[in-house]
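Chain lettering (A, B and C) follows the sequence in which the chains are written, and residue indices restart at 1 in each chain.
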Amino acid sequence: MKLELKGITKQFPGVLANDNVNLSIGEGEIVALLGENGAGKSTLMNILYGLYTPTSGEVLIDNQPLELHSPGDAIAAGIGMVHQHFMLVPVFTVAENVILGDEPTKRIGWLDARRARKMVKEISGRYSLDVDPDAIIEDLPVGIQQRVEIIKVLAREARFVVFDEPTSVLTPNEVEGFFEIVAGLKADGKGIIFISHKLGEALEIADRIVIMRRGKTVAEVLPEEVDEEKLAELMVGRPVDLVVHREEAKPADVVLSVENLVVLDDRLQRAVDGLSLEVRAGEIVGIAGVQGNGQTELVESLTGLRTSLGGVVRLNGEDITTKSPRAIHKRNVAHVPEDRQKSGLVLPFTVTENIVLDSYYEAPVSRGVQMNWGAARDRAVRLVEEYDVRTPSVDVLVSTLSGGNQQKVIVAREFDRDVALVIASQPTRGIDVGSIEYIHSRIVQERDNQSAVLIVSSELDEIMALSDRILVMFEGKIAGEFDSSATPTEIGLAMLGSQGGLEAS
Amino acid sequence: MTATATPAKAEVKTRATPAERRATVIGTVMVLLAVFVFWVFGLGLESGVRSTFNLSLPGERFQNLVWEVNAQWLSFVVAAIMAFLGGLVLRRSHVKWTNVALAIGLGLFALGFLTWAAAEGSFSLVGMLRSTVLLSVPVTLGALSGLMCERVAVINIAIEGQLLTAAFVGTILGSAWGIWAGLIGAMVTGALLGAVLAVLSIRYRIDQIIAGVVINIFALGLTSFLARRVLSQAPDLNSPGRFTSIKIPILGDIPVIGSMFFDHNIFVYAMFLLIIALHFGLFYTRWGLRSRSVGEHPKAADTVGINVYRVRYRNVILGGVIAGFGGAFLTLAQVSRFEENLTAGIGFIGLAAMIFGRWRPLGVLGAGLVFGFARALQQKLGILGTPIPSEFLSMTPYIVTIIVVAGVVGRARPPAADGQPYIKD
Amino acid sequence: MTESGTPPENEPGDKELPDWYARVTGVGSSLRQALVIPALALLSALIIAAFIIAVTDVDILPLWGTDPGEAFRLTIGGIGDAYKALFVGSFGSVRAITETLFAATPLIFAGLAVAVGFQAGLFNIGVNGQMHIGGMAALWVGFSIAAPAIIHIPLAILAAIAGGALWGGIAGLLRARTGAHEVITTIMLNFIALFLVDYLLKTTVFQQPGRNDPISQKAASTAEFPTLIGDYRVQIGFLLALAAVGAVWWLMYRSTIGFEFRAVGSNPDGGKYAGINVAWIYVTVMAVSGALGGIAGANQILGLEPYRGISNFAGTVGFDAIALALLGRSHPVGVLFAGLLFGALRAGGREMQGAAGIPIDLVLVVQALVIVFIAAPALVRAIYRIKTPEQEGGTTFSKGWGA
């Protein structure tokens, strides 16, 4: 049994996403597919799963070409996929999600709930996944949700399983558990494609590593032949410095202090539940933690976007708990939001308009109620140059820029002031290595200018590379504090809610 | 390594949650209403004045059932209970029960109001309850049409136009070939307009609200144009027959209940059957599971091999059929002639009923009955002759709709993908 | 800047930039796109309307069975007569042209009202109600005070602005405070305003003495909008409409509040992040939109005979405005031209009704079809096989019910 992708090419308007890509995978084999964001991994997998039709090339199983026009075709051919963004209906139960699309029914399409439940229990038991078939998805932690995705795939009797960035939502300890599950699948004879941009994980788990760059497969190596530096070089196409260089921090006065903060999420649950922290001028504090432990609500509350239910937030001693986003912005707080397209930018606006998005009301960009577009444009031209934003002009729509350049527009807009406090949430999510390096260096530069910096990221590597002090957030509280010498395992334990970090002191 | 311990269970003084704030507002309003009932309905009446409620209609098996009360005394009781409930809500101790208290309070208010309006006279309570059910039919069917569509994430704001056009076609075909032909024609018309909405919003991805508004304008223009150009020249095409009431044996003879539910035309019975079928269909069958998945997370449905577009087309067209059925009710049961813009916003009220009913068939039934009650009240009060100008009575259903969509009576989550086109590739 | 970044081609400080036009008009960069699609949309709508005229001719229908040739000839003749009347009534004479301008006046105000809402992401279907409330306010000022025209007319218009802004503001406030979707609330407010007007017209304050039906006193002659040329009906309202086009253009593209409107309209989350008070913007937008609707209402009472308030005096103007704003792509200048076109349809439609016996409701059908074709450029392209599927700057309002 062998799955092959032969000469796959996919042309999008203006982008050649896949360029004559070849990939093969056998039974009981784990192939890691490595590449930067935008290297074409996801496109390739979407073709394999029938979501995209390739411009040319074919997919074969045992040398028989497959007709893949929809995910249904892929499922029928024995191909399963665990998506990076889980394909689970949040308001359904586990069992409902598992049977969706292939429902056991009695007469007139009446759902057979008992059989569904039994099936989930059976698979869950066979691979020791420990999932309750009657739990509602949105109540489950992401780690368990991922297991539901795996059960979905197994329930459809997939012989080949694609995992798209499976570890990005897991804690280091959960990753270990996940690897055990994958090993179990391998022992069961499944062929596994493991998509990642994390080099260490690929080295640890893969039998073979395929590296993609700019839509092409550029190398195929065995884990024992290479190390992380070599892999990074293959991935990016040039030697990469994996460490962020920075001087020792010189923390000064407390800039941001948070006491007993309580914030509700959209479902009116306490997402932040009595949290306290402090950030000093000249230090970078990183907040680590699995997504969905209240980080989003914390940042929204600190920046005035979400009203808090209780507690006090002080900026340089002043109570800003109930201040508006603008009032907080005026106190020189720079905010790089979690989702640049949802809230950081107005996509149908030009680069110029986005550069002045939160300062349009101040001179010289406006005089009274009249905008001064000349001055706005001057500023945009200057910042585009200063922050290395690659754009044909400041008059193009920001939506036409790459993710990395969009992020630089935000960073330019936010840092072009005498910043007292930087709050950056997922500052480098989904952007290319060049932009990541640039934005990291800018953040360190702000710290060296004696700004206080608070970074929130679900990428533990990023937190560890940047932070002078690391706080772990779990269920709305700080579950541990570490200095930059802590190991991922220690931090990982705290991310699971264990008080490991506390006891170690 | 340094560590700052956070107390395991931080006791934090908190500001009011949204639910608590809402409870404060609602509690205050209820207490104010109680004062109003006490003052206007209670003290405003002479002591000893009696209100008479008739509980039977002419021609029923059990005749002359009446309920006679001391109007002032009843108003005082109503005011007292409302004040008590308002006080409970204000205490915020049982925030979850706010809605229940509000519902009971409003029901009591309606009772107090009727007592006041019927003082020194008699009022056909059962007649009004029967009208409530009848008048709820077009609203409920419109709401079910909206529900069919929104459960698969297509907003159907074209219900109004579907009702209107179906009513028109039902009239013409009903006049020409009989009421059953009219009914079928109306349902086919609804399906066609549903298909137009589906094509515009699914295939061409026009903003769904714009697509709906377009269909409404088109329906209004076309039916008005045709009414003037065709019906005015051929009046015999504007007098279809009517579906008459079919009394269910035994059940139809029960006092009050029988007239309310078991002595109606086929539209009423079909509505109740449809509610039941949709409730079980949506929550216990494969069709329902797939429909809901398409409305909540279409990509997830797609990745397990469900054809999102096909599910959407099917449900939106079925929704059109239901709206067409409701349109037929207007001209083949309620009245038997077509007039320009005879729907007068019923489709939009249906949309509000869908929201009020929390996108659930049984909820929609309840919401439809509330709107039916508002309309019935308006009609009966017009007959009773209250000092309230008729224009203000006519406004009631529309004001109730605004109150409903403003979420004053609570708010539920719509299907997560509601209104968003699904784009493959 | 590094080697891969292309320096901007324009000098800093340029006021007007070529792709600015495309952005603000939302029609893509070519003039062809801006004109061709609307023109084809109108053409398609007129063809379908012709078909509707053909199949609804009760006199000719039986003839198709006996003498199809004659039936065809008569039908084509009938359509020809109808469209000829449509043209003659709108552009055939000086009077016709002034009638077009006269009919366009309220449409332009109402179209601007909808367009302002669109740009800020709000769908104001309530222009009808705002016209009623604004019109009644203007009427009240019109008959209750005595002043020279130079003061009386501005006062009446200010009253209309206040009334319309209030009625629109209610919907804005409901959206901001409770998330109630403005589409439903504005439609409901239309009905409420309709009944309110009927009620007011029967009160002693408004009612014409000696009458029992809902009809108001006549406005003072000083409050009547003076006509522009001789005895033609076009009056200063048209000049005000032109001024409003300019004012709205400045507001949307040159003022800070317009920047806020557009930012919130394109991305409410982005607007909130940028420190804009989104709730307040919703109220302001609906108030501005309602104010424009209010002026349209004043025009319907103080701008034409009999200078009185009657039941449903706003007619279908508020709904025509939706089609119009879409046709004009929500740009003030686009709205102006779309308003003139619809004015022509109205003026010509009356002639068509009188001369060819085609009910004027056909105009509504034509308008609905125009919106379909405008809102779905893909549809027009499919029918006429036009290539160049450029980016389609579609607006989206339907994001659920804002729960």
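Simple rule for what comes next: contacts are C-beta pairs under 8 Å (C-beta built on N, C-alpha and C of every residue); 3 or more make two chains touch, one makes a residue touch a chain.
What you see is a predicted model, and the numbers here were worked out from it, not measured in a lab.
Farthest chain from subunit B (centres taken as the mean of C-alpha atoms): A. Highest C-beta contact pair count among chain pairs: B-C.
Annotation: 46 Å between the Cα-based centres of subunit A and subunit C.
Separating the CA-averaged centres of subunit B and subunit C is a span of 31 Å.
With touch defined as above, residues shared between interfaces to two or more other chains in subunit B number as follows: 413.
Residue ranges of subunit B in contact with subunit C, taken from their complex: 155, 157, 200, 204-211, 213-215, 217-218, 220-222, 224-226, 228-230, 233-234, 344-345, 348, 351-352, 355, 389, 391-392, 394-395, 398-399, 401-402, 405-408, 411-415, 418-420.
Contacts from subunit B toward subunit A in the complex involve residues 1-7, 10, 12-15, 17-19, 284-287, 289-290, 292-293, 296-297, 299-307, 413, 416, 424-425. Chain contact summary for the complex, subunit A toward subunit B: residues 49, 51-52, 70-72, 75, 81, 83, 87-92, 96-97, 99-103, 105, 108-111, 152, 260, 262, 264, 268, 273-276, 308-311, 477-478, 480-483, 486, 501-502, 504-505. Within the complex, the subunit C residues that touch subunit A are 1-2, 4-6, 8-10, 12-15, 17, 19-20, 23, 254-260, 262-263, 266-267, 269-277, 393. By the touch criterion stated above, subunit C contacts subunit B in their complex at residues 52, 56, 58, 123, 125, 174, 177-181, 183-185, 187-189, 191-192, 195-196, 198-199, 319, 322-323, 326, 358-359, 361-369, 371-372, 375-376, 378-379, 394-401, 403.
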